[in-house]
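Next, two complexes with chain A in common: one pairs it with chain B, the other with chain C.
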Partner chain A sequence: MSSMDITNLTKEKLTSMFNAGKRFDGRGLLDLKDFEVEYGVSNMAEGSARVRMGKTEIIAGVKMEVGTPYPDSPNKGNLTVSADLLPLASPRFEQGPPKFNAIELPRLIDRMIRESGMIDLKKLVIVEGEKVWTVIVDIYPINDDGALVDAASIACVAALKNAVFPKLKEDGKIDYHAKSDERLPLVETTIPLTFTFYKLGDNLFLSPVREEEEACESKVTLGISKLDGRYMINSCQKGLSVPFRQEEIEKIVKLLPEKYDEVMKTFNKYLK
Partner chain B sequence: MIENEINEENEQIESSEGNKRWVVVPGEIIVSGEDFLPGEGARREGDNVIADRFGLAEVAGRMIKVIPLSGAYIPRRGNVVIGRVVDVTFNGWLVDTDSAGSAFLPIAESPRFLNRNEMDQYLGIGDVLSAKIWSIKGRGIDLTLKGRGLGKLEGGFIFRINASRVPRIIGREGSMITLIKEKTGCNITVGQNGWVWVKGDDLDSEIKARKAIEFVADKVLIEGLTDKMEVWFQEN
Partner chain C sequence: MVARPSGRKANEMRSMKAKVGIIPNADGSAMFAFGDTIAIAAVYGPRQLHPQHMQDPSTGILRVNYDLLSFSVSERKKPGPSRRSKEISQVTEWALSPVLDLRAFPNTVIDVQIYILQADAGTRTAGINAASMALAHAGIPMKNLICSVAVGKLDKDLALDADNAEEHYDEGEGHTDIPLAKIAGTDEFTLMQLDGKIPPEMIKDVLEMVNKGCEEIYEVQKKALKEIVE
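Here is the complex of A and B:
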């Protein structure tokens, strides 16, 4: 059925539980779910990664293509991020033209990667103004148990870190069956991540499960990276209708470095 | 998760009647030969009886049936289900019960007389009710509230488990659900469609009741679970 909204009862219960600082799975409101990363999920992709975060599972893949640059950036390569919300991932996803979530997810990830400057797009140029590499990042949720954007950000960064250029044939075409040793021109120290803060009543919470995500009244997604020991917010997008108060945004911004380091502590193990 | 348990459980377990049960996947041959009859969840193809669903195959005399372990809720007449109101129309309520097709509760089935203009005060969009399936027609399900314990649910919360696990949660003659109710002091209603309503005196006992039910729903292949739950309650 198309209606997968939360019941009034559960929403009230979650509000009173959050007021008491409790969650059904025993975590604190601002505790993150543990995650694990697996590489080499797809052998035809130039780079791929699978992230399991709680029951949320997501696969990201990177494909490389030779194309023409956009007219307004002849000296830069192209980056395309797309997502396909498969109906197997959640009862909320339906077959058909992409809906709001399916458009929002890749855009959030695209902005996070692009604005952090993680990929040095200028190094993707083959012939300026004529031929450049196009990096295509594809996101496939396998199971959606909340916090899809945050899990996708980890998966996409892992897939990009894992990606290599395909070999070029003598006629300049790509030989997709042969991989070179050359990695993408990534800025080593820049690792962007997104954090989505959800709000229900007066409570902020992170890393929701599906029912908590269904119950939330407002959310804000922030893309953050670290440069020379300083944290940078690269992107920001607010969703849903209820506004955030100024104190809440200040609290979120204060929390971000701490949460970023927490994720990076686990993530660094997989990046080596 | 289920696959792991299968390995641990060494594939074969015995049902209470002493019949062998084992896990089958759709298309798997359960038995060969003309001596057997396919029951629910199984079908005959040539010489073989093969499984239609993922579940536990059971041979009872000549009858082969598969007790499903996954899949959507298939509504049956007389089932008590829990649903969520998705629309209020001029002559009743549309209810989401997690089954294919929509369920309809006519205004005449409400336990007391209601004026058309006070319908949404009794049951508004997003409200939860427990109801009995009165009839199943080609296009949908008709519900009724006439019966003991049926009606709007107030307080507590709702969560979902797989509908095929509901018999496990209830246990033999309600032994499991009675145990969980006793140990947590919560009021619990389990709909046949896998929606569970829990209402307790305080948050902690409600959270515990949910944990216990999800624990039982996870352990599909273990016999004598009621005894194990006694131990679980002592540990938690």
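Here is the complex of A and C:
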């Protein structure tokens, strides 16, 4: 299979299947793919996790550095999220400067994490205004079979939950080989996730395989978490040209909490 | 209800200004301002697309570039594209393209250049409003105009078209920014972004607030298009 655009034939076939409420793999249009989580992808990382979701596989790792705070937030540590869409993971990914997908993926995950307040950045200060911890989350897909952002959201949260601080030496430098047993300052009850809704014709669907994702005409990624027991949408970004009608948007936000609970039911088993 | 730092009512936008035909060299151009946020846009094309391999023999394509001028913000913005500006350029392209029909211009490109002269929040939405007028001014076949405005949420209350001071609101649930764009006179949304905290059940109110704002923007855009300055 080359990395060419999807054929009209596949798109027409998918549209007529979706109109009948059917999918290649027998799922309903709004059914999610099952997933599993594994920790400890690299023992050199401060935290890491692998998520397999259908045939999509993605890993996320956390590294910690000591840096200076941003001038507008002297009392906060830093969070950086990056992603590299490795040509190893798909015939669609190419070597070279990052294309839009590679820029968008980490930005979507960054906003999901940051806006949920999952990391208490104030607790990452070493010396106020001078020295703070920087948490760097790096995302690498290993096999892209669709729904990469949503799989990445699980992998990143798992890697953060898994992470511990490295030890700081007396000269202020980091000893990466001496891990502390101190976990990152995470808000225990705040677990953000993203859900990307895809649209083809008048059909909305979730958790696509690659052909379905390539056939979609529009999509919207939403980050959701809970704050004091209430569902909160923390981020949203629409992609591609076809508009969403108001009733579709209202349907999507209504479905979100239900889908969130569904994923959390599985994810909680891995978070213990 | 929290009182807005700007003193405006919840669904009150800043005063708007719009002007069409501000750049004589361009095929179409416009300025749009929400209060102190000023965006200008120029359209060049349809013209031959280079590199050639990007040409599409079935249609013309839209290419959008958005950026802040270095002195449009408090700390000088390093000139040249950033990840933020690349993302805004792309979502702006997606926000504008559904109203264009470029099949009559195969192998060509329509370049839309958007720059922010002065930033006081709402730059991408002001840029979309300016670009939409500039495309109409250039005579590109369009189904309708695109109108765009952001809804803010200060603590638990919605506030249309928040300015920079309101974006820094940090009491309670803080500030949430929800920039949206829609095809004028329809219920079709072409830009949706969000940063912050908002319960799902409030989204309906957000959309209704934007609908009202976009009606006002549409009138301002139409008026400006009837009074082209050049």
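Here, the second predicted complex is superposed on the first by the 269 of 272 C-alpha atoms of A that agree within 3 Å, B and C clash if a C-alpha of one lies under 4 Å from a C-alpha of the other, contacts with A are read in each partner's own complex, and residues count from 1 in each chain.
Note that a contact is a pair of C-beta atoms (placed from the backbone, for glycine too) under 8 Å apart; a residue touches a chain by one contact, two chains touch by 3 or more.
These numbers come from a predicted model, not from an experiment.
Once the two complexes are overlaid on the shared chain, A:Leu186 sits clear of chain B and of chain C alike.
Of the two partner chains, neither chain B nor chain C is touched by A:Leu86. Once the two complexes are overlaid on the shared chain, A:Glu211 sits against chain B while remaining clear of chain C.
When the two structures are aligned on the shared chain, A:Thr10 is found in touch with chain B, with no touch to chain C. Contact with chain B, but none with chain C, is seen for A:Phe24 once the two complexes are overlaid on the shared chain. The larger set of touched chain A residues comes from C, when the choice is between chain B and chain C. In the superposition on chain A, no contact is made by A:Ile136 with either chain B or chain C. Touching chain B in their complex are the following residues of chain A: 1, 3, 5-14, 16-17, 20, 22, 24, 211. Contact residues on chain C toward chain A in their complex (touch as defined above): 75, 83, 86-87, 90-91, 94, 97-98, 173, 178, 182-183, 186-201, 203-204, 207.
For chain B in complex with chain A, the touching residues are 84, 86, 96, 98, 102, 124, 126-128, 153-159, 197, 203, 206-207, 210.
Per the touch definition, chain A reaches chain C in the complex via residues 71, 100, 103-104, 107, 111, 115-117, 220, 222, 224, 227, 230-247, 249-250, 253-254, 256-257.
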